[in-house]
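The next block holds one structure in the form of structure tokens; read it before the comments.
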Amino acid sequence: MEISDQDRAERSVKALLQDDAATQGLGMQVLAVEPGFTRLKMCVTQHMLNGFSTCHGGYIFTLGDSAFGVACNSFNQMAVASSASIEFLAPAYLNDELIAEANVQSQGRKTGLYDVVITNQNNKTIALFRGRSHRIGKPLFDESEPAQ
Amino acid sequence: MEISDQDRAERSVKALLQDDAATQGLGMQVLAVEPGFTRLKMCVTQHMLNGFSTCHGGYIFTLGDSAFGVACNSFNQMAVASSASIEFLAPAYLNDELIAEANVQSQGRKTGLYDVVITNQNNKTIALFRGRSHRIGKPLFDESEPAQ
Amino acid sequence: MEISDQDRAERSVKALLQDDAATQGLGMQVLAVEPGFTRLKMCVTQHMLNGFSTCHGGYIFTLGDSAFGVACNSFNQMAVASSASIEFLAPAYLNDELIAEANVQSQGRKTGLYDVVITNQNNKTIALFRGRSHRIGKPLFDESEPAQ
Amino acid sequence: MEISDQDRAERSVKALLQDDAATQGLGMQVLAVEPGFTRLKMCVTQHMLNGFSTCHGGYIFTLGDSAFGVACNSFNQMAVASSASIEFLAPAYLNDELIAEANVQSQGRKTGLYDVVITNQNNKTIALFRGRSHRIGKPLFDESEPAQ
């Protein structure tokens, strides 16, 4: 039985995230998934703040990296990050609700390029993230099994 | 009274980190500080793991970003990250003891470039981080005050 | 007498490029200019080819860098590149007509971020370029003088 | 007959550059080659200057990219650039003699990471270049043939 691209994306992401302690521990929510695309949400909490009372850049990156990871794993082919870059355009503050939208820019047989835009609740751009992925030659779930 | 470059570096970093919930919350330890240089340590804990049972790239980045932040703030001039990039060369696993060494590559009046090498307990290189900083025109502490 | 943003952009770029031997020597044409935006064209010539008979990545970068330079200098404030990155997505071949479109992503008082998309005559994306600029505190032309 | 790593590097680079119009046209000289390493030289000529009378960043990048290309092709496995980034630390001027030293940082079965430092005749660092390479599964020359 064939499954649709959209089904494949949703089941891939479910398989990817079910044991992801990092993404869960930071309270990230998956708002939308399509092949090569996702939208994630994360709220800035007290423990994410640096000494300047703004969100540590590492947590902003982590949100972008998770969105990138979801998007590049949405084809039922396990993929890992080989490199990434981030532009910090504006600070994020306590209780900000950050949204990360990841879009595939290029996906070859092995390597992919994904851009992520991170905005806050006022639609201000906080950061631009760009990630390069590498497929490792395994599926995330068995497509011959029915969805659970 | 003049203070030495080394004193300035140590007092800058103390001022920077004393209220940094993110760096403290991840259990990072500052092993060494010099002007433009630092060595930090972070252990990979359960909550840093992703769905592949390796350390989420965001936490590796966060370690690199903290080391970068310490090094670029070691001159008693508040500096923030404007952008950064990271190369993921090998995975990190649960209980790995990661060391990040940050070194200034270039520091002008306003902008700086810092490279960070992240290795594990077997001296294997896990990631290379490169950060660009921007000074915002304020000191981190008052040099006319005696150290506490 | 006030000049419009569009006039300022056009006169800035004219001042920028009139003595630019590199851009002229590569036969680049400015197809469009607006504040923070430009579209440039460059044909791939024999002397741009590498040993694989494709356009040397350096010339693709140079096109992107020139488009970035035009866009970030379109505000009559001299700006230079502090860093840049490029993703090579597909090769370019002899006689390809490459188009580079540069768009401002962020422009502060001093620093800016610009994205450039480079496509070929079949609208295939050849490369994505991202540049960071830094204003050096001088105008490109005297706005009190009439345009020539 | 086995050939040494050093022989392989020298013959790979000879095969790579013999038809490279771009590298030859810019007058680049290969000063040294080892497996994963090279040192190239390029003089800044009139036609490389931009409107600010400094070397166009594109030509500095091109030098770095060529050095990267030589280093990542020194194993007799054809490799192409997938992405690169450059930090412009100081301007280069007419008649400057630029040296680019490329060093492998990581080389897997398929992908590699190379750092290039570009200095001028006074040993001042002009730029830092970082390139990611991708092997395409072909040799550059036939190792069973004797060297010419």
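Order of writing sets the chain letters: A, B, C and D. Residues in each chain are counted from 1.
FYI, a contact is a pair of C-beta atoms (placed from the backbone, for glycine too) under 8 Å apart; a residue touches a chain by one contact, two chains touch by 3 or more.
It should be emphasised that the depicted structure is a prediction, and the values quoted were computed from it without experimental measurement.
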| item | value |
| --- | --- |
| Far-end chain from subunit D, centres as C-alpha averages | A |
| B-D or A-B - the one linked by more C-beta pairs in contact | A-B |
| Averaged-CA centre spacing for the pair subunit B and subunit A, given as whole angstrom | 24 |
| Interchain centroid distance [CA atoms averaged], subunit B/subunit D, Å | 31 |
| Per-residue multi-chain contacts in subunit C, two or more chains | 82-83, 85, 87, 132 |
| Subunit A-touching residues of subunit C, taken from the complex the two chains share | 85, 87, 89, 105-106, 113, 125, 128, 130, 132 |
| Complex contact set, residues of subunit C against subunit B | 82-83, 85, 110-111, 132, 134 |
| Sites on subunit B touched by subunit A in the complex | 15-23, 25, 46-53, 56-59, 61-63, 65-66, 69, 78, 80-88, 91 |
